[in-house]
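Common to both upcoming complexes is chain A, partnered first by chain B, then by chain C.
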Partner chain A sequence: MRLELFSTHKKTYLTFILIGVFLWSLLAVNWDKDLFHSGGLSTLFQILEALFQPDLSKEIILLAIQSTWITLSYAVAGVGLAIVIAFILGILASGIFFEAGPLGSLFKTIFRGVLGFLRAIHELVWAWLFVASFGLSPFAAIFALALPFGGILGRIFADMLADVPEEPIQALKSTGASRWQLFFYGYFPIVKTGMLSYTMYRFECGIRSSAIMSFVGLGGLGYQIQLSLDDLHYDEVWTFIFFLIAIVVLIDWWSSQLRSKWTHSTKHWFLPFSSLLTAGLLVGAWCYIYIVDRASIIELFSTKNLEFAKKFFANMFGLGDESPAFFNGESWKAAISLTYDTLRMSIMAIGFSTVLMFLTVLPAARNVANGKLTLTRRWYNWVSFAVIRVGYILSRAIPELVWAMMIIFIFKPGILPGAIALALHNFGILGKLCAEVVEDLDARPIRHLASSGAGKGQILMYGVLPSVFPQFLTYILYRWEVIMRTTIIVGFVGAGGLGQQFKLSMSFFHYSDITLLLFCYILLVWAADFISEWARKTVK
Partner chain B sequence: MASSNIIEAKNLKIQFQGKIALSSLSFSIKKGEKVALIGPSGAGKTTLLNTLATIIKPDEGELWIDQLSFKEMQNRKMLAKKLGMIRQQFDLVDQLPVIHNVLAGKLSDWSLFKSLLSLIYPQEKILAMNALERVGLGDKWSEKTSNLSGGEQQRVALARLLVQKPEIILADEPVASLDPARAEDVLAILTKLVHEEKQTLITSLHSVEYAKKYFTRIIALRDGMIYFDLPAHEVSAKDLASLYVLKEKV
Partner chain C sequence: MKKRLILSFSLLIVLALSACSQNDKEETEVDSNKVFNIGAIPDQNAAELNRSMEQIAEYLASETGLDVKFVPSVDYAALVTAFERGEVQLAWFGGLTSVQAMSLVEGAEAIAQRPRDEEFHSVFVAQKDLQLDSLEDIKGLSFTFGSESSTSGHLMPRYYMLENGIDPEEDLAGEPNYSGSHDKTYKLVESGTFQAGALNEAVWEGAVKEGKVDLNKVDVFYTTPAYYDYNWTINTVDDVFGAGTKEKVKKALLSMGEAQKEMLDIFETDKFIETTNENYDAIEKVAKELGIIK
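Right, the complex of A and B next:
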């Protein structure tokens, strides 16, 4: 009986626990005036003012176009390589090529572990490690993108392949098809559309990640944003950001067009056009990298570089160091306290994003804006819809790191600016995903509520929340995993936590410290994945 | 063992987690017979078909399929020449055009290269088109399979079997989710093709009426045992009534 009571109220309990955890995370901050820089508020005002007066001079526009191309070509090359990695590892990790049995599941677990390791480390950390070991080369950016993206894509591919319905596969088996024939006639056609749309989504993310590769000294839009911020030229900053938003929005449009045309029964010209565009982008990107950037793979593996890399990794493992950080009690203490801070920062960030999402999600849903869901039509519904949707786009098109670079002008270093930067980026994504859930709602019960006179708040409490809650929670937990992975990045620019220390140790060449910090970071990421999966299963 | 028997089963016994699914089944099926398996839900019809298809290994007893040795039965390509399967609807890859689903029946003969090439430029297209003509879908070859109706999809599965040309066809509720008109249509085509190709057919069915109309022999299963095994025209209404009667509650 008691257990039954628990299981019916599982969701309620979980919600209260999550709210409690969020409130606890807020205690990590001293809420007083000391949070702001003196003059921080006037800087905020200047930044906002510049938003409406971006620098549109010819030099800046030309520079922006050039940087956009660099960002785009690194992203294309990196994600292209990631697809290859994901394809191979994804097939192996799905287990479809192994016989059922202990050996098969062992291989499956191993390849899943490899994918997990690749995606646990953020692309910027990979980039930093590559730059530190191989030197500045476009390949540092490309490989840094390819590894974690390959990990994420591979994991999704593996899940999709493992979820393929059994019946058509069994039927193909009974026609005597070999394993590869099963793959090309069964598995692949079934998962193709899903793979494509997820890959397009990751490509959009790849653009943002490519933009922030600048942080370790590689060119592109992020590099220009950083230079302009250092010169306090906020009007230029916004110009570059608008270019970044423009490509993100374009790719978003491309992928939604592709998805809608794909399901048509007849072939649409958009499909061959997309294939051509993809091929063109790939060729263009690699040509640029080889010919204009003069990057060479052979040089990357020159004896000089290998010597460097060897030294770097030897240092990371503390060889030749008299007291490597991971054998030092004091270092451990410091690292654990930073880990604790980072955890609280991530919770604060997802908490802020969730609050902002809840405040905006209803007016941001198309079926609320056109009055179909609530049966009330007001002219201002479309205005609020448009404003919030533009806000979402702005929020998610700007990478966390860029948000952090701006916010650090206003707040003093600490975990609050980090959490705010993470929240600013994630609330747009969360809002978009959750608004889509509301748009897919079954409208009948809600209309009934509306027609019996329920107000907006009541509709939210009784009609919308119960039906969307599980999906929202899934997205919130999923974004929390992503945020956890990104905490280290905002730390790089002084927004506190493990990342800040990581950067300091890099500057002081304390390589064994870095190993310790990375270890804590990976543990944190894995813990977050584990907790979020557990919570998701609980509400199911 | 008489050489005209294409399938021989002796004391087949299968258990799932301690529950008996099939208990000591023995029967033989001659070449060219059209057998309907009937019986209430859970009687073991699907289990028996899966056992004949060698997807499930019997816990006890022996099974001979056209004198194939155990080793030969393990070889999927060789087995595909002997046995073909059709189930309720979900046999096809929805996302592929119809013609590739039909040509999948040829995969055991094709090299990997040829099967990949075929996805771009259909190989042995005439063969597939003939099969589609015979099931009355000649004009639908380039459609996406998911756009076809349930009955049409079952006919595509039949066309695949025509291309595969197995000696024995095992059909598990091939018309379960179709409306009566389409169900009769699919069964009529299936039995006609089997007759023309001189194949052997074993089909599980819910409908006794179809079993009597289209099949030569009826095997009734109940609780994992053979309840009766008679030529179709000898099955009486009394037999059927007692087959489907609910167990008396104690």
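Right, the complex of A and C next:
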């Protein structure tokens, strides 16, 4: 009986649980004490003032163009390699090439596990591991991008391939097609648009990740932002951020054009143009990295380098350390308390983004702005639509790490600034995704509500929310997984949690502490993946 | 579409391979030249530091005949790692980083320092209108250190805070911040972001002399007792560049003077003097006490 009750009301229960968990996470912050630095607010105004007066001197613009190219070329090289990894591992993990049976599913599980491991660790942590073990080389940044991105893309590819309907494949099979023919004429045409659109989205993420590789010594926009922040030149900071936004917007536009042209006609000039552009970018990026940045794969695997890598991993495993952190009760206690903080930080972050998203999602939907959904046309609807959409772009184009670097000037160190930085970045993404859900709504029931005189809040509660809820929840949970991976990064700049301790241990060369912290971090990421998958299945 | 896809992938692979082989040749040429890399901890304004270090690289090249290059580093730990890996031969380290480097590389040697490094101090600064006059007054204020790897911006200030009964993790308003550099520390206090901070005395004096800091807004309220700080630490270069290289480099550094004023300015000094590893034993002891070195 009780179980039955749960299953009929499980959406409601889950919502209450999630809200409860969010409220619990808020208890982690001492709201009585002042949260701002004594001068935090005035710093905030300085930063906002600079937003409207970016430094547009010729010198800075030239520097920005140069840095944009560096950021772009590493993103292209990294994501390009990630696609290769994702293709190979994704096909293997989808199981379409294996015979059904225990051996086939064993292989499938193994390759899924590999993909899961690759994507559990954030690209900046990979980068740091590569730099510490193989030294600072352009490949450290490229591989650091390629591995987690390959893991994420690979899983999506695998899911898409596994979801391909049986019938067309069976039809092809009956004509005697080989496995490769099955793949190229059966599977690939069905999944190609989905793959393309997701790949383009990852490319956009790659730009941001490439920018923050400045933390391990890669030049580019992130490096310039960091330098300008060090000198507190906020006007320069915004100039570089605008360039970052510009590439993100351009890629977004390219992706949407490409998707619509590809599905509607196959003979549009935009398609060969895009292929050429892709090839041009790939050639340009690799040439730049090889010729100007003098990357060398041979040097990467020199005996000297292997010696250092061996030494590094021995240190990580605590060999030669009298009391490695993972055999030390005190270290465990500290690490577990940080893990707990980090968990609360991530929940707070997704909670803040969700609240902000709910406040803005209606005016941000096109069908609300043009009055088609609510049957009321107001000129200011377009103004609020534009303002919120620009806000979304600003929010998501700026990487969490850059948000965090600015936020710690305003809030006192701890997990609150970390949560806010993560929320600021994710709210834009969540808002965009959810606004699109609202745009795809069946308008009839809502028009009905509107015509019977319901206000905006009532429309949201009784019209929009019930029909979009499962989709919203999926996106919220999915973003929470991403936030969990990123918590460690905002800690690097002092925004609390595991990341902050990680950075300190790195600076003090306490290798076995790092191993312990990494272990807690991966556990947290996996737990988040698991819980989020369970919750998504529950609402389905 | 399929063909195009295959084409672009194969293009990518061919490109990567050809670039590999081309690069191979380049590498051997560079190797025969053996670049003598120098580095410096990024403890102050990066642009200025880079400019001066490039000049010092040029000066060392002309004095020693070596092919000297300056490699910028992102943070203190990155420079220590590069030094350990033998990618940097000569580095301008702080006390703590030099101790870290000496413990990682057997045979690494502190060879030169500024006269002031024999008696170095950290200054504690605070917003002027708070009118602090002793170290105990920082209890309950928001506070920033410099880089966590900095001797004068973190290690020694933390040590003297503890000596005076202040626990940085407990007694301040929130946890202490790590700004990353000395310049940033006083700027953050000046701009009002933090109420107090600790930084390197030399950087502070330079900022005051050049009028970079507004003394109506921020001022010194406590200066630590003296300790040994910055030095030039040299790697085991004689094995790679031939016997006598270390001496040559040391001589070049010690003979810098009036003619090299422009490059010495960033170090706030007019010459370098001799030093030895033993001078840094006290720093090592403090770092061990604070659990920074194990």
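Structural remarks
Definition applied: the second predicted complex is superposed on the first by the 532 of 540 C-alpha atoms of A that agree within 3 Å, B and C clash if a C-alpha of one lies under 4 Å from a C-alpha of the other, contacts with A are read in each partner's own complex, and residues count from 1 in each chain.
In this section, contacts are C-beta pairs under 8 Å (C-beta built on N, C-alpha and C of every residue); 3 or more make two chains touch, one makes a residue touch a chain.
Note that the structure is predicted; figures quoted are calculated from it, not measured.
Superposition of the two structures on chain A leaves chain B and chain C fitting side by side, clash-free.
Contact with both chain B and chain C is seen for A:184 once the two complexes are overlaid on the shared chain. By the touch criterion defined above, A:165 reaches chain B but does not reach chain C.
By the touch criterion defined above, A:173 reaches chain B but does not reach chain C. Looking at the shared chain after the overlay, A:135 reaches chain C, while chain B stays out of its contact range.
Once chain A of one complex is fitted onto chain A of the other, the partner contacts of A:270 are absent, as it touches neither chain B nor chain C. After superposition on the shared chain, chain A has more residues touched by C, the comparison being chain B against chain C. In the superposition on chain A, contact is made by A:192 with both chain B and chain C. Contacts of A:478 after superposition on the shared chain: neither chain B nor chain C is touched. When the two complexes are laid on top of each other via chain A, the two nearest Cα atoms from chain B and chain C are 5 angstrom apart. Shared interface residues of chain A (contacting chain B in one complex, chain C in the other): 184, 192. Note for the complex: chain B touches chain A at residues 53, 55, 76-81, 83-87, 90-96, 100, 104-108, 110, 112, 115-116, 119, 143-144, 147, 157, 160, 164. Across the complex, chain A meets chain C through its residues 33, 37-40, 42-43, 46, 80, 84, 131-132, 135-136, 184, 188, 192, 214-217, 223, 227, 230-232, 266, 275, 278-279, 282-283, 286-287, 290, 294-299, 304, 308, 321-322, 408-410, 412-414, 494, 496, 503-504, 506-510. Residues 1-2, 4, 8-9, 11-12, 15-16, 19-20, 22-24, 26-27, 45-47, 73-78, 80-82, 85-87, 100, 104, 127, 142, 147-149, 173-178, 180-181, 183-184, 187-188, 191-195, 292-294 of chain C are the ones that touch chain A when the two sit in their complex.
Chain A contributes residues 165, 167-168, 170-178, 180-181, 184-186, 189-190, 192-193, 265 to its touches with chain B in the complex.
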